[in-house]
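Shared between the two complexes below is subunit A, which has subunit B as its partner in the first and subunit C in the second.
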Partner chain A sequence: MFRLEKRPQPSQFWTLLTPIIAVVATMIAGGLLFALLGKAPIEAIRTIFWDPLFSEFAWYYRPQILIKAAPLILIGIGLSLGFRAGVWNIGAEGQFILGAIFGAGAGLAFYPADYWFIFPLMVIAGAFGGMLWALIPALLKTRFGTNEILVSLMLVYVAEHILSSVSFGLLKNPEGHGFPGSRNLQQYEAASNAEIIAGTGIHWGVIAALLAVIAAYVLLNRHIIGYQIRLTGQAPRAARFAGVRPNLLIIFCMGLSGALAGVAGMFEVAGPMGQISVDFNQGLGFTAIIVAFLGRLHPVGILFAGMLLALTSVGGDIAQSNLGLPAASIKAFQGMLLFFILASDVLSNFRVRIGTAETA
Partner chain B sequence: MTQTAPILLTVDGLTKAYPGVVANSDVSFTIAEGEVHALLGENGAGKSTLVKMIYGLVRPDSGSMTLRGAPYEPSEPRAARADGVAMVFQHFSLFDALNVAENIALGMENPPPQSQLAARIRDVSETYGLPLDPAAIVGNLSAGERQRVEIIRCLLQDPKLLIMDEPTSVLTPQEVEILFETLRKLSAEGTAILYISHKLEEIRNLCDSATVLRLGKVVGTCNPREKTATELAEMMVGQILHVPVRAPRDVGDVVLEVKNLSAESPNAFGTSLKNVSFTVRAGEVLGICGVAGNGQDELLAALSGEVRADAGAVLVNGTPVGALGPNERRHLAILAAPEERLGHAAAPDMSLTENALLTGAIREKLTNHGFLKWPAIRAFAEKVIEEFDVRTPGAGNAARSLSGGNLQKFVVGREVLQRPDVLVVNQPTWGVDASAAAAIRQSLLDLTAEGAAVIVISQDLDELMEISDSFAALNEGRLTEPRPALGLTINEIGLMMGGAHGMEVAHV
Partner chain C sequence: MDLSTINPVVLIATLMVAATPILLAATGELVAEKSGVLNLGVEGMMITGAICGFAVAVETGSPFFGFIAAAIGGALLSLIFGVLTQILLANQVATGLALTLFGLGLSALLGQSYAGIKPPSTFKLDMPLISDIPVLGPILFNHDLMVYVSIGLVALVWAALKYSRIGLVVRAVGENHEAAHALGYKVVRIRLLAIMFGGACAGLGGAYLSLIRVPQWTEGMTAGAGWIALAIVVFGSWKPWRVLLGAYLFGGVTGLQLNLQVAGADIPVEYLSMAPYLITIIVLVIMSADKSRAALSAPASLGKVFHATS
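Here is the complex of A and B:
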């Protein structure tokens, strides 16, 4: 019989090793899944993990990885702060959409003028939109004790309806021949989030993601607010004793994660996506939850996890077109990653012993 | 009586080891029928493990037991009960919303119909002088009455051996006396009682013989009536005890004044504070006693700032602080050490360094514009560890890896070293070994010598008698008028704590 024994302290070794175990386990389970679908498992895994980086078309895929990783990291960093404090913002997808609408709206309001402040204003508007959407569940929780998981999740669907409404109405391109969707911001230079260095995929969102990683690291390790966040998550009663005001902290964490998701949405709409449209959102806000946990809620971990998830997304697209893997199987593959990371967490908190608990 | 009575239970060479610790090593003793046998030892001496083996909750690694001459190896509590061994636990397992008879039925293997059961409960309770109404809702009963429910549940099985684990920790002195009457009657009828406690006077009062455990081993057997409390304590601890010494001191001006403090408990099942008033002077220790759950946690929270009240309800050196939060009060040198070490006074998974920051950030100036000064934080943690003799490999270790006593020294030391004007501590030595407890009490007395006002909330009357200058009791959220500690008798203190809570005296 196997027996779990709680460690006196979480093991550093296993904490670092579990993400790797999870990735390997996902490859094995994913390979089995692909084999059941009648695809060659090793080729599928190679296509997902290897081809985007080292195949002959890697010059095209590598920048794509950065472009996909930036919003995942930005959102994941914000979510991780809340998760550390025990504030469960599941609605980053909705905050991402609202940030995009506010950001694009602020830019398009000036169309076709060309002022230097338009782009910075869009960043602020995007952050504001995302924060606004996240503060709804935060205030409902602090005022009425509602569950932020449910409220923030339900607001995603409200946000999707707002998105389709503005695509058909408020932000619809007047010169779009009646098609839904806004003007393309890539063609509006003052509002465009173009590549900073051509061919690298680096746009302002990538820079912002790196800054967010550094800022979150400093906050968590060098600042009293980061300490209060960790303390609240680990021992809420001790946090109150230490002078933390739980309601303020909930509002801070939700507002900040919403703002980062909103900024991510704004960089996305002004850059890679280009326009507000009905199918603008692709579930990045949900994938970012996997990123946050895969990165052990640690800023540097999230940086790597975001890159890894972006790699599987880009690789998954290749596998879809080259091998004919269904899109849903790629989503399932990413979901397995979260499952395995949470499951292997047991190893860092517990020691596995072989033998029975009681011997006579 | 004990000389002639036949042997009921023989425990021979019981050993039980857990990973990293030997809880019991070669423990042997005997209990005669009708004997009241004390199991005496400090926290962690192995008393609980031993009785769990006797009650079938834990299986020994080696050794054997004999009950009335037959080998006795209970595989589970049900088997132990079938052999006539019953146990009353320290923590009651009762449902508040159900009545007494329903609660008792829930603990029985084959409960009879309610009407018959009620009659039997009345029968047993009258016989043993434990008046109890079978139809009363348990939620409305006092702690003493709840204990009666548990005892009657055991007595209905007609046990030959009744194990009682720290039964008096929830009782007032008057309630203890009522309980002892019942236990003596049971003993006279031939029921043996295994009585676990670390309260020496009780054991001297009640028990015929005592087995003393230290670090899992039997270190002595004696007749407690022939020993003094100090002798018993030294057997238990294994060294000469240093009683804290109090430097002669002048009591100064009023530092803390609490006026008509009322506060709702943050906990739905807590006790709200009702019109609490008292003053503490510089250099004075106010001891606050009371049975657990009578507003101790709430009083600490209202003084630490975790629960806010009217500004004027708490005054420190004349400044109203009742509406301030914990950190604002720390600025004013009002510090507190809560009862629950893990989760309230300290974060279990954080290192001692990080836990030093928990309350030390303000007075020790451990931050700079919100940024953490890690070297200073580490130095403060190391200072606490060194000056309070906290046994740990280093400040980087997690709080939960420390033993209870060591963590308690850290928690109290962290506040004492911040030079408080007012210090409130709840249960400063709960679960702490005797020498560490003496060190903690000494540090509180030293603090008063420097002019601090100290409030000690405790359920340990001996501790309060030892260090308090004045004395008050919490009873259902109300505080009695503080009285000078000198010359106060146990009986008077018991009455302050609510006496027998109107509980009917046993008809023995």
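Here is the complex of A and C:
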């Protein structure tokens, strides 16, 4: 048998290596899963990981990866700050929806006027909407000690019902022939989050995601709040003695992650999705949790993890149309990835010794 | 709106049905949490149970085998969580989330060819004389078997935790794993068993949804029931009968909300459908506001990683 010996501090080497181990393990386990479904495993893995980047249609898929990665990175960055400090905001999906509703609402309020400030206003409204939704669990946590995990998660379902309510009511397209869903923002230039450079997939959300990575890096490494976040995560009691105010930190982490999720929702509704509709959300808020962990809660790691998860999403779509792989299998695949990353964490926190312990 | 269409007797009878899946899952989670494990994967285990139960019931034509398969499916899935958190010492919150995400994907994958099928119907208690007693008949003696099983399970868990040696050991492990370990109890083994019990119960709860309550298979059909079960455990202060009360109160809210929709209340459907989630939040706030009580009733080692050093 093997036994585990706690390392005095997590191994740098293994911390960097574990995501790669996890991805390889997921490929193997995923291949087995696809084989069980009666699909050629190697072909399926190649379609998911290779084709979006290097196949003959890669010119189409590569921009898609950026488009899909942007919201994942934005949300993942926000979540990682909280996760580091032991603040578990898992309702990013709901904050994403609220951000989209607020953002789209702010834009549509001016329809069909054409002012320069409409789009920036939508960004602010989106951030505000997401932050508002995240501050509910934050304030309940700080005021009453209510579990933020359950409250933020419950609010996802509430947000989904609000989404369907506004698609049928408040934001419904008056010229939509009675169909649910808002006006298409892509056709409303002042509010549209269009591609900045044609054919690259780069829209304002991608720029914002990159800025968020840099800002989070600076915050964590060069700013007192980042220090407090790291300290609280590693030693909550020590943090308190060092003058960290836990309640303020909870509000900061939740509010910021909510704002980032909200902004992501706003960029999504104004760009790739185009409109508020009943099935607007596709679980990006949950996939971002995987992104945050796969990226080791580190801004640069999250950048890569977001790209990787976006790659598997795009690849999954290709596999779905080319190989008839069920859409759900890619979700199971991504869930597996999170298992493997969590499992391989043991290598960075512990030394594995073979053989039984000699009795002291 | 016509409130007279809401019949209190029917409402109570339906609330028991609405509450049963959550009650089953919450009872299982209660045992896991009593042993000191916070498994946030209830939703994933429930939905996996829902599809395992549904698929096996359709293939064999027997709901009984369906429920057995659901319990096994839920327990197997929870074993992944068990291995990760107990043996590989992974963070319980993150692993629980992973279990939910994976369970939702896996169930959608398994359930592809089962959408739109009607499952075999389940045995329903219908005793000619007793079931016809006004008021009491429909409430007490006119349900499917699983409603009684779930109540029996609560009684069993209550008695086991309170009076049996096994219950005492589980509680000891949950309150102070270092001390339990020093006394020679196998902390990891006991927790793995508690986790699997929780998984099996969540699986049963999921199968109740797909086989009896709805009855149909649709992707993501649990719609947060697993998370509500987690909230109910907090609401019940980790006491089995209070968990039952919480589940039935919650079932009542769901039932009333559906009844109001049917009665044509002036409130839009979306707002009525939100009610169960909002009420869960309110209940959580009320429970946690009383800080001294919340801190006393939660198992002391809940969610903490146990690493035997000697």
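Please note the rule applied: the second predicted complex is superposed on the first by the 358 of 360 C-alpha atoms of A that agree within 3 Å, B and C clash if a C-alpha of one lies under 4 Å from a C-alpha of the other, contacts with A are read in each partner's own complex, and residues count from 1 in each chain.
Convention: a contact is a pair of C-beta atoms (placed from the backbone, for glycine too) under 8 Å apart; a residue touches a chain by one contact, two chains touch by 3 or more.
Predicted, not measured: the structure shown is a model, and the values here were computed from it.
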Touching partner for A:H223 - first (subunit B), second (subunit C), both, neither: first
Per-residue contact with subunit A, leading partner among subunit C and subunit B: C
Which of subunit B and subunit C A:I20 touches, first, second, both or neither: neither
Partner chain in contact with A:A238 - subunit B first, subunit C second, else both or neither: first
Which superposed partner A:V158 touches (first subunit B, second subunit C, both, neither): second
Subunit B versus subunit C as contact partner of A:V352, first or second or both or neither: neither
Footprint overlap on subunit A, where subunit B in one structure and subunit C in the other make contact: 360
Subunit A contact footprint on subunit C (complex, rising order): 40, 80, 83-84, 88-91, 93-95, 97-98, 101-109, 112, 219, 223-224, 227-228, 230-231, 234, 268, 270-271, 273-274, 277-278, 280-281, 284-285, 288-289, 291, 294, 307, 309-310
Residues of subunit A touching subunit B in the complex: 5, 8-10, 221-225, 227, 230-231, 234-235, 237-238, 240-243, 245, 358-360
Residues of subunit B that touch subunit A when the two form their complex: 19, 58-59, 61, 304-306, 325-327, 330, 336, 338, 340, 343-350, 354, 357-359, 361, 367, 370-372, 374, 397-398, 400-401
In the complex with subunit C, residue positions of subunit A that touch it: 4, 6, 37, 83, 88, 90, 140, 144-147, 149-151, 153-158, 161-162, 164-165, 168-169, 286, 289-290, 293, 326-336, 338-339, 342-343, 345-346, 349-350, 357, 360
